[in-house]
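See below for the structure under consideration.
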Amino acid sequence: MDLFLQLAATGIVVGSLYVLCAIGWGLIYGTTLHFHVAHGAVFTLAAYYAYAAQKFLHLPLAVAVLVAIAAASLSGVLMDLLVYQPLERRGAIRTTLFIASLGLLTLIENVLAIVFSPDPLRLDIGWLGNAVQLGPVFLTRLHLVSVATAILGFLALMAFLKYSLWGRAIRAVSSSPEMARTVGIDLKRVHLLTYAVGSAISAPAGILLAMDVGAEPYRGTTFVLLASVAVIMGGIGSIPGAAMGALFLALLENLGVWKIPSEWQSTISFGVFLVFIVVRPRGFFGRKVQSAEI
Amino acid sequence: MRTILSSLISFALLAGMTTAAVPAAAQSAPIKIGAILPLTGSGASYGVWMKGGAEMAAEEINAAGGINGHKLEVIYEDHAADASKAVNAMQRLVEVEKVPFSLTSYSSPTLAIQPIAAQHKVVIMNGGGQSDNLAGKDYLYNNIPVVSNEVGVIAEWLAKDKKRHNAVLIVANDEAGRNSAATFRAKFAAYGGKVLAEERVALDATDFRAQLAKLKARGGDLLYISSYGRNVAIIANQARELGITIPMAGTSWVLVPETFKSKGADGMLVTKLPFDPNSAFAKKFKEKYKTNAGFFAVQYYNATMIFAKAAKAAMKKHGGVLTGEGIKDAIESIRSFDTLSGKLVFQANHGAVMDIEAGTLRNGKIEVEKTIKAAP
Amino acid sequence: MTAYLAHFLVMVAIYSILALSLNLLIGYSGIFSLAHAAIYGIGAYASALAALKLGLGFWGGMAVAASVGAFASALVAIPSLRVAGDYYVVASFGLQVVVLAVFMNWTDLTNGLAGLAGIPRPKLFGWVIDQPFKYVFLAAAFAVATWAICWRLTNSAFGRVLQAIRDDEIAAQAMGKNVVLVKIVVACISSALGATAGSLYAHYITYINPSSFSLHESIFIATLVILGGSERLSGPVVGAFLLLAIPEILKFLAIPDTIAAPMRQIIYGALLIVFMLVRPEGILGRARHGR
C-alpha cells in the first residue's frame, strides 16, 4: 500500500508537469491547428533561461524563474512570427508547417547542446530540495510547488479564456477561424497571443523539471509527444480534456511500474495511445473531428 | 539551389580527401596508437582520468626518446558509453590509421570492438571495463581485475564483516551493470546472503524514483548499486530523499568526483583498487589537469607504459617493424610488468589481479577498514 | 583513403534504400511515418540474430530480415487504416519509441544496450566480403535493386492508386479502390525494403545496438526524403548523398566530435526550415512518373 501511495504521489507530481505542457500545447494546436512540435524546444529553452539567469545574471531563484517564463513566452511568439506566419503567407500546407517545426526543434535542441553541453545542469534550489514526508509518502518541497503550479496554471488559463476579452477572442478563433475573421478578429494577432500564452503556461514545467533533475537539451521531444498524446486523448479543443489526459498518462506510467518492470515505463503511454487510436480516435471530450487529415 | 549545394559539397569532399591522401613526411614515422575513451557523457569524469594518464605516459615516453626513436602519437576517440561509436572509432583506427594497438574502456564497447581487433590482429588493452566476459578473449588484454574478483571481495565483506543478509539491487542496464549484478547475487548467496529484488536503470537517466520506490517496498538491509559514473550520486541522493535509510554499497567504479561530493553517498560501503592520492604521479596530474587524479588515471598511464615496453621488444625482434601480432607475442613472453601500482602479471586469461581495499565513504574520503591481498 | 571513401559510399547506399522505401509511404501514399528507424532496426536485429543464433549467415539473415520486416509492417499499416494526418504522425512516433524500448529491454533476445557483436560479414561464392571496398558493390547492387522495385511499383496501375489515395482517400474509396489492401501492400513492401537495409548495416558494421535505431534516426531518414525531394525516385538518393556528406566535411574540418554531432543536426534542422520556406506547397502531391 505504501508503495502504491508513493507511486501515485510521484504520478501526480509528474502529472503536474505533463498537465502544464499539455494545456499549453493543446491551446496552440486547438487554436492554430499547427502541429507545433517545437513547443518541446520552448519547454527546454525555459529551463536554460532559468539556469542562465541564475548562474550568469546572478538573479535570485524566483526572479530567474519569472524572467525565464517571459523569455520562453517570447521565444514561442518568435517561432510563430518568424517561421510559421511567413510559411502561411506563402500558402504552406499543414505538413510543411510540421516539418518546419521539426526542423526548429532539432536546431534549437542542438544549439543548446553545444552552448551548454549535453550533460544535465543543476540549478541551485536551496530549501526547495528539502524532503517532506506526508504519511508514508516522501516528496520534496519542490514537488509540492510543482503540483500547486499546475493547479494554479490550469485555473488561471481557464479563467483567462472564459472571462477576458483576449481569451474570448482565442476561443472564437479556436472554434471557427472563418467566423472569427468575419466578426473582425485579427487572426494573426490572436495567433501570436496564443503562442505567448501557450508558451508561458508550459514554461514552468520545463523549469520545474530542471530544478528537480537538471536541464538537458533533448528532453523536450518526449514531453511534447506526451503532450500531443494527452491532447488527442482528451479531445482537441478541450483544455480540461488535455489536463485530464495528461494526468491520466502520468498516473498510468507511474502506477504501471507497480506491476510491470520499471524499464518499460516509457512505453506505457505510447502503448496505450496506439491501442486508443485503433479503438476510439475521437478522444473523450473533444469536438467531433470528421477526418484527422493534415 | 540543389545543384549549387551538391557541387559545393562534392568539391569540399574532394579537396579534403586529396589533402588527407598526401602522405606525411616519412622521416621517422610516428607510431600511432588509438585510445577509445568515455570523453563525454555520463562517464566523462573517467575520461578525464584515462586521457590524462595516457597523455602523461606518452609525454614521458617521447621525452625519453620515443619508442626506438619513433615518436608516440595517441589518437583519442570518444565512445560516450555508446558501443556503436566505439565500433566506428575502432574501424576508423584500424582501417584508416592502421594502428597496431589501441587502449579501450568500458565493457560493452570493448566487447563490441574485440571481434574487429581479433580479425585485424590489433591488440586492445582495457584499463577500466570489468565485465567477466572480458576475460579470455583473443587480442584483448585487461590490466584491471574483472568484476567477479572485486564483487567477490565486497560480497564477502558485506555479508561477514558488515553482517548484511538481504540486499536489493539497482542495476545499470548494460553489460557491465548486469554482469556485476549477476556475480553479486551468486557471491552474496555463497556467504549466506539473499537478493530480494532487482531494478534496472538506464546509465544516462536522471530520475530513479520509481525504481527506488519499488526497492524500498521490498525492505532489506542493503542497497547494492551495480551502476557507475554520474548516476551513482543521483541514485544515492534520491534514495535518501525517498526515505531509504539502509546502507548502500558499490565497487570501485562508483568512486567518481560526483559521488565524493554527494550528501546522499555519505556512509556508502565501497571497495577500491589501490591508488595513492599522495604519490608523485597524483601530484603531477593535479598540477597539469587541475583536478584530483583517480585510480583510472594510473591505470591508463600503466597501460600506455606496458604498450611501450612491449612495442620496443617487438620491434627489436622483428627488425624495426611494429605489428599487432608482434605486440601480442611480446606481452605474452614478457608477462610481468613493473607499473606505478606495483608488479602486474598478466594471467592466462589475459586479465590481472590486484589488492583490494574495503571501507566507508565519509566526508568525501574513504576510511579503509580492510585490505584483501590479491590471490595469485 | 579509399577505405574512407568506400565506407562513405556504403552508408550512402544503405541510406538510399531507407529513403527510397520510406518515400513509398511519405511521397507516394501520404503516410507520414516517423517509425522507419524501428523497421530498420527490426531488420538489423532479425538478420543478426538469424546469423548468430541460427548460423544462417548473411543471405539467410537477409531473407529472415525481409520477412520479419514485412510482418512488422502491420505495426505501420494498422494505425494508418484508422487515422491519418497529425494523429498518424503521433502514432508512428509512439511506435518508434515502443520498438526501441523492446530493443533495449528485451535483453534475453537482443542483449539490450550491450548489443550484438561479431555479426559475420557476407560470403559470396566462397569469397568473404570483408573490405569496405568490396562491400560497396554489394550495397550498391541492393540499392539499385530497390530503385528498380520502387520504379516498377510507382509506374504502374498500383502506383496510380497510391497517388489517388494520397491526394484524396475518400474519393479513391468512392471509386471502388480497395484502400485497405493497397495500404497494407505498400507498407509491406516499404518495410521489407527498410528491413533489408538493416540487414546490410548489421553485417557491415558487424555490431548493432539500440542506439542506432532511435527516434532521431527516424527523423533523419524522413529528412533525407523531404530534402531530397520525393517527386522523382532519384530524390531520396541525392538526399542521402548530400546529407551524409555533411558530417564527413565536418570531420575534415577537424571539429571535435562532441561539437560535430550536434552541429550536423543543426544543419539538418536549418535545412528543413529553409527548404519549407522555399517550397511551402509541400513535398506531397508533386510526384510524377518517376525517373
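Per-chain numbering from 1; labels A, B and C assigned in written order.
Simple rule for what comes next: contacts are C-beta pairs under 8 Å (C-beta built on N, C-alpha and C of every residue); 3 or more make two chains touch, one makes a residue touch a chain.
If you're wondering where the values come from, they're calculated on a predicted model, not measured in any experiment.
Participant: Identify the chain pair joined by the greatest number of C-beta pairs in contact.
Facilitator: Result of the pairwise contact count: A-C comes out on top.
Participant: If you take the mean of the Cα atoms for each chain, which one ends up farthest from chain C?
Facilitator: Farthest chain from chain C, going by C-alpha centroids: B.
Participant: Cα centroid separation between chain B and chain C, in whole Å?
Facilitator: 35
Participant: Quick check: how many Å separate the C-alpha centres of chain A and chain B?
Facilitator: Each chain's C-alpha centroid was found; their separation is 40 Å.
Participant: Once you find the CA centre of chain A and the CA centre of chain C, what distance in Å lies between them?
Facilitator: Here the centre of chain C sits 31 Å away from the centre of chain A.
Participant: Quick check on chain C: which residues sit in contact with 2+ other chains?
Facilitator: Each of 104-105, 258 in chain C touches at least two other chains.
Participant: Mark out which residues of chain A touch at least two other chains, giving numbers and ranges.
Facilitator: Each of 118, 261, 263 in chain A touches at least two other chains.
Participant: Note the residues in chain B that touch 2 or more other chains, in rising order.
Facilitator: Correct list: 40, 173, 200, 202.
Participant: In the complex formed with chain A, which residues of chain B make contact?
Facilitator: Touch list, chain B to chain A: 40-42, 44, 173, 199-202, 206-207, 209-211, 213-214, 216-217, 230, 234, 241-243.
Participant: Residue numbers of chain C touching chain A in their complex, please.
Facilitator: Touch list, chain C to chain A: 32, 78-79, 82-91, 93-95, 97-98, 101-102, 104-105, 170, 215, 219, 226, 258-259, 262-263, 265-266, 268-273, 276-277, 279-284.
Participant: Which chain B residues qualify as touching chain C in the complex?
Facilitator: Chain B residues touching chain C: 1-2, 5-6, 9-10, 12-13, 16-17, 19-21, 39-40, 77-78, 82-84, 87-88, 91, 95-96, 107-108, 111-116, 119, 173-175, 178, 200, 202-203.
Participant: State the interface residues of chain A toward chain C in the complex, per the touch definition above.
Facilitator: The contact residues of chain A facing chain C are 35, 83, 86-87, 90-100, 102-111, 113-114, 118, 221, 225, 228-229, 232, 261, 263-264, 266-267, 269-271, 273-274, 277-278, 281, 291-294.
Participant: Looking at the complex, which residues from chain C come into contact with chain B?
Facilitator: That would be residues 1, 3-5, 7, 104-105, 107, 111-115, 117-118, 130, 132, 205-209, 211-212, 229, 238, 241-242, 245-246, 248-249, 252, 257-258, 278 of chain C.
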